[in-house]
């Protein structure tokens, strides 16, 4: 499956504004509203566009503490731990990466009290977890949305 | 500035589908299209909604290598390094966090050759950077869009 | 609950000298002895003042070795370990913090022999502790009392 | 210089309540108010009692973020860095300890914004500092006042 | 057992081209084909030459991901883990070295999917393994064949 | 460029014995000596076969100490350091990998005296190198030749 | 128990040459052979002199590999591991120190084969040991005998 | 140069008691005083016996703090730092080893004040030193004299 230059330009428009109308995208690209709609539907169908979203300011909705957790667990428990973490409402993302740490987990909570609760009640009580290292976000320099890490 | 329950429900709809029409949101919430539009405009105006976006499958558009970099630099160069990194097209996000590492940087590139190029030509040649540690994504268990980390 | 500027000035007086009389505080603030006493009683009642204390020179009372311990334990044992440590006479403080270490513990003992005893008999024999890292104080540059860390 | 058992009992009373009156201490120890006052004055004079203080709940006065910093600097700058840090209002204590880190610094600030400011504007701009590692307090299990660490 | 200068020159020829004919080696060394053959047979017999091999470009045969794994295991399981790893087709080498890591393992696989599979299905499911740290090759500056590391 | 199944079988024969005659390979594969020779020449020409080599027992030729070095250098010096190391006779391989270390270097020397010389005279005197970490091989469990790491 | 200046001078003589005769020491200090003998006997009796020894060149008696091991074990096994290690012929010293490692062990063996044997057969088979980190001596700059570390 | 079994037995006697008379050694080995003396003189001459010494209890002569320092320096300064450290009276030994640390230094001082002085005035003021990590001895399980590490 290949995407062409026109597809890329449509993706650029939608990355700029996910609610841009097909008419407006068409005007920019000198194409009809219908052909834009068809291409967008095709991009959704073959999975290039995974979803349309909205970028919410986490602090303004009360999630003021952003944290990274490096989670170590017993090797045989890795998959079940990863799945349990993924179901947790406070967990924004959960990755397995090369390097010394088993799971990299991004967490959004309202305050330190919730962070301590998450650490002590969610993580330390989860079967198979052996250690946890956490870091708290001090400053965002860039935070691009649109492409999954 | 406060958001109420109706605002939260609208944000949930838009997180589910950033292109959901105001009519459809209104139907779910038993509100008129106009009041939804006004609330959305208000949420955009006060910064709760930072933007509407689109989640693109990075592998299907050819970005097959996702990497974390922990970047150390001379303390006096931190801000200029952070700003230079933020301008780089391959950099998806750039954070300062508590813990031993100065900058956490997420990078999306097409292959190892680009990753080596990014490391050797972009990072190691940037004035003020003293060391770099990189990790490559092996598996995504959860990757939530909509809320900034 | 809020404290005002007069409260802050009273706290400054007490931080300077915890035994300063209400009369003397009143003179400094141009307030009556009674109103100072009432405000202090209120600050104690609502928990702003946790207690009045005394700063003792630990070396002059024979506590010549100050040490930090980073204590790791099995996740499920964290709370019981923290509580047991907190009951120990040699433990001055016990904190849970972000980062790689589970518990940060400050210990005051009389000499190396007591330190070795504390390590081998108190810590290593405590159920659930898996490893211990210790550092010994060489020099105090600043040691503020009055505010809890 | 030696302290005797009666001195120790007086110190225990004052550690319990730094404002306990000499009359009340005397009653507990079966000694006159005068002899208590003389002994306390002697303990202050020879430095056993460094000061009388007050333990303030840092959160209730708005210091909600407690952090440890491990500060590394150029060896020749160690003393000047330690002295500069000690002058800083946000720094509660500053220690040199055995182990890999040059300076252990305890910091109390109001929020993350101040913490980021302290890190980027106070620390990273201080001549001679080469790296900084920070940890944030999640939970206090024990925090004894009265004895300096 | 000793090797002489002529042996060393023969080894140099074979390191240059493992298929160099005995006649050609003889010409270079001013020796007969027969004496070269006898010396080579002797070098093979006493183990100096372990085998004749071929250096294959791993990327051109589809092995595009080269990785180092540092594998930790329960001490009593070290030998069985090392032997199991050595039987694995993806494992190019497996060493025990001084330093903090128990086993250094070099792995060649076709892509990230295989690497994740190797990590999660081969390593983490192997009895006795407690943790795994992986690094991926970005660039070869030198890769000498002929001498075993 | 693609290789087929017959090519792979020829590579397997040569990996087993790099001096296997084309006649013997042909017998195993039911192909003529000439077609084997042509295919081998083609595999050499397009780079799949990089060279024919010989695996020499490094201890029997007097290289009794095998070591890994993790070499850190100033970022701007990385390429020149890597090239200088690659020219060194004692260096068997030199890689750049993901993770915390800049260069992974494999070294073969005759004894500790040479290793100390290599460390102090070759490495520490090389412009741009900032630190060096070394590990010595204790035991080989598997050491596959034929495929470059 | 106190030692005086004359004692110190005698210790200096014996540190210089442990077999120096009492007559020769007496000449240096302007004291009789008898008074030197009495003081030496007293120093031995009260434990200041633990023993007279001989410094042997370990390489010339075939101990060519000197190594440090950092040994971690289950906390409850620390004392039994330390005692078992102390009984081992290859172990020259075994210390418990502050810092991250439980036991620092100095080992003298004849060659790498013995070192690997010591690691795999003595250490990894000892009940309670969880991990081992080893370093090999490259060069002695100073090695003072006479005072125990 | 070789030593035989009789030499080894003599070394064992001297390791047991460095002042054992040649007569007593001769009795144990069924050899004459003269032949023992000649062999000992030969062992001294060819360097097997480096010196006769005395093992002094460091605490009883006032050296109560034993410490290990891991000293890092600029690579070009390594040799001069090692030589300067070796001249220092408080330094008992100074080694270069494999692993991450450049120099391992053993130090004996009288108390913490001297240790802090040694760290801040001797080490941190020495040109070329970049960082220092220290550990303090808690307990000796074994401390063999006679063989150099």
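All chains are identified by letter, namely A, B, C, D, E, F, G and H, in their written order; residue positions are counted from 1 within each chain.
One rule holds in what follows: a contact is a pair of C-beta atoms (placed from the backbone, for glycine too) under 8 Å apart; a residue touches a chain by one contact, two chains touch by 3 or more.
Since we're looking at a predicted model, the values are computed, not measured.
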Intersection of the contact lists for chain B and chain D: A, C
Residue-number overlap at the chain A/chain D interface, same or different (half cut): same
Contact-richer chain pair [B-C vs E-F]: E-F
Whole-Å gap between the CA centroids of chain A and chain C: 41
Computed distance of Cα centres, chain F from chain D, in Å: 58
Multi-partner residues of chain G (at least 2 other chains): 96, 98-99, 116, 119-120, 133, 135-136, 138-139
Pairs of chains, among all present, that meet the touch criterion: A-B, A-C, A-D, A-E, A-F, B-C, B-D, B-E, B-F, C-D, C-G, C-H, D-G, D-H, E-F, E-G, E-H, F-G, F-H, G-H
Complex contact set, residues of chain D against chain A: 64-65, 112, 115-116, 119-120, 136, 138-139
Chain C-touching residues of chain D, taken from the complex the two chains share: 1, 3, 8, 11, 14-15, 17-19, 46-58, 60-61, 63, 66, 68, 82-83, 85-86, 91-99, 101, 103-104, 106, 108, 133, 135-149
Interfacial residue positions of chain H with respect to chain D in the complex: 67, 116, 119-120, 123-125, 129-136
Chain E - residues contacting chain H, complex: 98-99
Of all residues in chain H, those that touch chain F in their complex: 72, 74-76, 78-79, 96, 98-100, 102
